[in-house]
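Two complexes, one shared chain (chain A), two partners (chain B, chain C).
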Partner chain A sequence: MAFLELTRVSFSYPKRGRRVLTEIDLALDRDEITAIVGPNGGGKTTLTKLMIGVLQPSGGQIRLDGRPLAGYSLGEIGRRVGYVFQNPDVQLFCGTVAEEIGFGLTNRGYKPEMVEERIQFYLDYFELGVYRNVFPLHLSRGEKQRLAIAAVLANEPLFLILDEPTAGLDAYRKKLLADYLQKIARLGRGMILVSHDEPFVGRMAERVVALKDGRIQSDSGRKGNAAYEA
Partner chain B sequence: MVVAGLSGCGKSTLCFCLCGAIRHNRDGVLAGEVLLNGKNVRELRAAGLALEVGMVFQDPDTQLFSPTVEDEIAFAPENLCLPPGRIRERVEHVLDLLGIAALREANPYRLSGGEKHLVALAAVLALDPPVLLLDEVMSSLDSAGRKKVAAVLERLRGAGKTIIAVEHDLEAVDFADRLMVMEKGALLRYGRTETLLADRDFMGEKLWHSWN
Partner chain C sequence: MKLDPRTKMVMVVCLSGLALLYNTPGQLLLVFAVTVALLMIFHFELSVIGDYLKPFLSLMLFLLVIQCVFSPGGEVLLAAGPVPLITTGGLSMGVCVVLRIMTVAAAAMLFTTFSSRDFILGLVQWKVPYELAFMVSIALRFLPVFRDELSNVVTAVQLRGVELKKVPWREKMALYRRLFFPVVYGTMLKAQQLAVSMEARGFRVYPRRTYLRRLNLLGADIAVMLVCLVSTIMLIALHFT
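And now, the complex of A and B:
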């Protein structure tokens, strides 16, 4: 059974007639990196917001880890699926960079020494050490992006959704991110990359799902399947 | 001209200095002088600055505020006190130019990330300033959007506009005449785009260009 399973999922925003997503069927596992690509306004971000329960489908069903998503609390979903928003400003809220990285772990009752160890690791890896005590919203866009990613990764979720993770990143930081994501993917962490960054998608994705006008236009399928081309 | 450099090197801050934001609504001490068309940005009032320079911010949420896309684009020409017919003309022109006419009735705040960037750009283009500052407008656009914006920028260059674009993806702006590479708040190199791109060792070492 797939980790994340969407069956005939449709969605329209309340009070607006236009359907954003129409009958999406998609099954994602924890051992693959899937890219969701497609034109602006095609429904990519909406689709991923449905997957973490911040939006409710107007039709169809979503199952996470074998259970209907509607039966989970947002907190329970958050422990399983980490989500990096397109705009890091909407997810950074702590007083310092270090607190931001440690927030999830502290709230799950990890010992302070262990939290500190993880904070130090992510500060080092994403080269944010000099900003340890800085107010996150004073960082540059690229630095905020790295911090938002680090804060989500520090929670070690089972599955990751990254919406335009390379926006604001220079090529060197993109490489650091790519290396890290590939490493955790090998450790059995599935992920979705929503991206227009074709070189990045080409390098990272094992499966590419193209979304246009709210419908799946193509799906390369799982690597190794006959349907897989790329 | 394109401004490149690793994140945190000061590209956006440079834009804030150039557009006068540091003096008007952002903290910071600006030393030295920034002259726009011979006028010192310190001495220009906000309304005067708007006639000289238009900036598209990295985060479009910070500059969109109108209830519809059309209102957003009409805001600047309305405040220039243009006659209604001319305002209409400008709005239609930029909607068409960026291919976003279908979004005219939409609430800018509810658009997707890439669409917001196009609307923010449209609103600045409607102002028609001689200098355009674009802080990573390409990053959230799909390939069709990038091509459209690139074509618009090339046309504006032909019409004598000065365009300064901050970008990480140098392929998206390879038509630029000049490239400026920054490092740790300082100018590292400035020159013709093809000359700098041809220096693969430099681009590789400073920007990891080849990896991209």
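And now, the complex of A and C:
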């Protein structure tokens, strides 16, 4: 059974007639890196927002871990699936960079020493240590992006969805991010990378799903499937 | 009904003025009801008004609790040992604050029915200094940004795995208090960026700017304005006698 399963999912934004997604069938496992690629406006962001319950499908069904997504609260989804938004500004809300990284853990009752240890680790890894006490929205685009990723990773979710994670990152930071993501993938965490960045996708993804005009145009297939072997 | 932006501004000023003046829950509820009724005349559906006000709810809950706890008076309704927590006086103050904000926020919805360009044009034709007109229009632009921001933050917080609905209210208050200033400040930063990008695209009001279009007050505008102003002045006079 797939971790995340979409069956004939369709969606249109309220008050806009046009369908953004049409009858998407997709099953994703927890142990692989899937890339979702496609032109701007193809519906990639919308599709991932449906997967985490921020938007509700107008038709079809989504199941997470075998249960209908509609039966989960946002908090329950957030603990299973870490989501990094395309625009980091919408997900940074704390007073300092360190608080931002520790937010999820602190509010889920982790011990302060343990939270501190994780904050320190992620500050170091994403080279944000000097900004420890800086107001997150004062950071540059690339720094905000790294912080948003760090804050989600610090929660250690089972599955990750990153929407255009390399936007605003330089080549060196892209490599750091790729290394880290591959490391956690080896630990058995699945992820979806939404990206235009072909070299990044080529290097990272085991499966590539192309989305165009709200439909799946091609799918290299799940591991073990014939399509994947081909 | 297509009214001049200035007519709508007069309405908003009258409604907000009354909301700020009144200080009993009954009166404020009435002003709020009138505001909602007006919005419905302007073809806002009740559900749309609800959606617009919903993101303000957590802020209101916060203010309600603050008011309840910090402005005691009247009978004690709930006490923790010897310490009165909720009193009739505090509760009524809290309800007033919430109704007042809801009224001002709802009245400001009228501003969404015309562009900020028309708004500035209207004010400048009334000899309001253009800097002031521009500033007011930015402040108004700020309100919907702030509302969207609040709903974004509520979503983002939950996606970090926090079960907002199940957090005990004491901790929820502490959380809101901690997030209050960062969110307000962050919104201001964003609104400012918005204003800058508007200017960069050539939207600016110059002192001796000439206007291609003029707004004209029609008979209906003048009638509506008069009704609003006269009834507000009468209500204010009544309030002080």
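In the analysis below, the second predicted complex is superposed on the first by the 225 of 230 C-alpha atoms of A that agree within 3 Å, B and C clash if a C-alpha of one lies under 4 Å from a C-alpha of the other, contacts with A are read in each partner's own complex, and residues count from 1 in each chain.
By definition in this document, a contact is a pair of C-beta atoms (placed from the backbone, for glycine too) under 8 Å apart; a residue touches a chain by one contact, two chains touch by 3 or more.
Just so it is clear, the model here is predicted, and its values are computed rather than measured.
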- Message: For A:89, using the defined touch cut-off, is the partner it touches chain B, chain C, both, or neither? Pick first, second, both or neither.
- Response: both
- Message: Contact-wise, after the overlay, does A:169 reach chain B, chain C, both or neither (first, second, both, neither)?
- Response: first
- Answer with first, second, both or neither: which of chain B and chain C does A:70 touch in the superposed model? neither
- Item | First, second, both or neither for A:27, with chain B first and chain C second | neither
- Query: Which partner does A:78 reach: the first (chain B), the second (chain C), both, or neither?
  - Reply: second
- Where does A:114 make contact in the superposed view: on chain B (first), on chain C (second), on both, or on neither? neither
- Report for A:103: first if it touches chain B alone, second if chain C alone, otherwise both or neither. second
- Query: Can you pull the chain A residues that chain B and chain C both touch?
  - Reply: 89
- Under the touch definition given earlier, write down the residues of chain B that touch chain A in their complex. 5-8, 12, 58-59, 61, 103, 110-115, 118, 136, 139-145, 168-169, 207-209, 211-212
- Show which residues of chain A lie in contact with chain B when the two form their complex. 13, 38-42, 44-45, 86-87, 89, 139-143, 145-146, 163-164, 166-175, 196-199
- Message: For the complex, give me every residue of chain C touching chain A.
- Response: 152-153, 155-167, 175, 178-179, 181-183, 185-186, 189-190
- chain A residues within the chain C interface of the complex: 52, 54, 73-79, 83, 85, 89-95, 103-104, 107-108, 135-137, 151-152, 155, 157
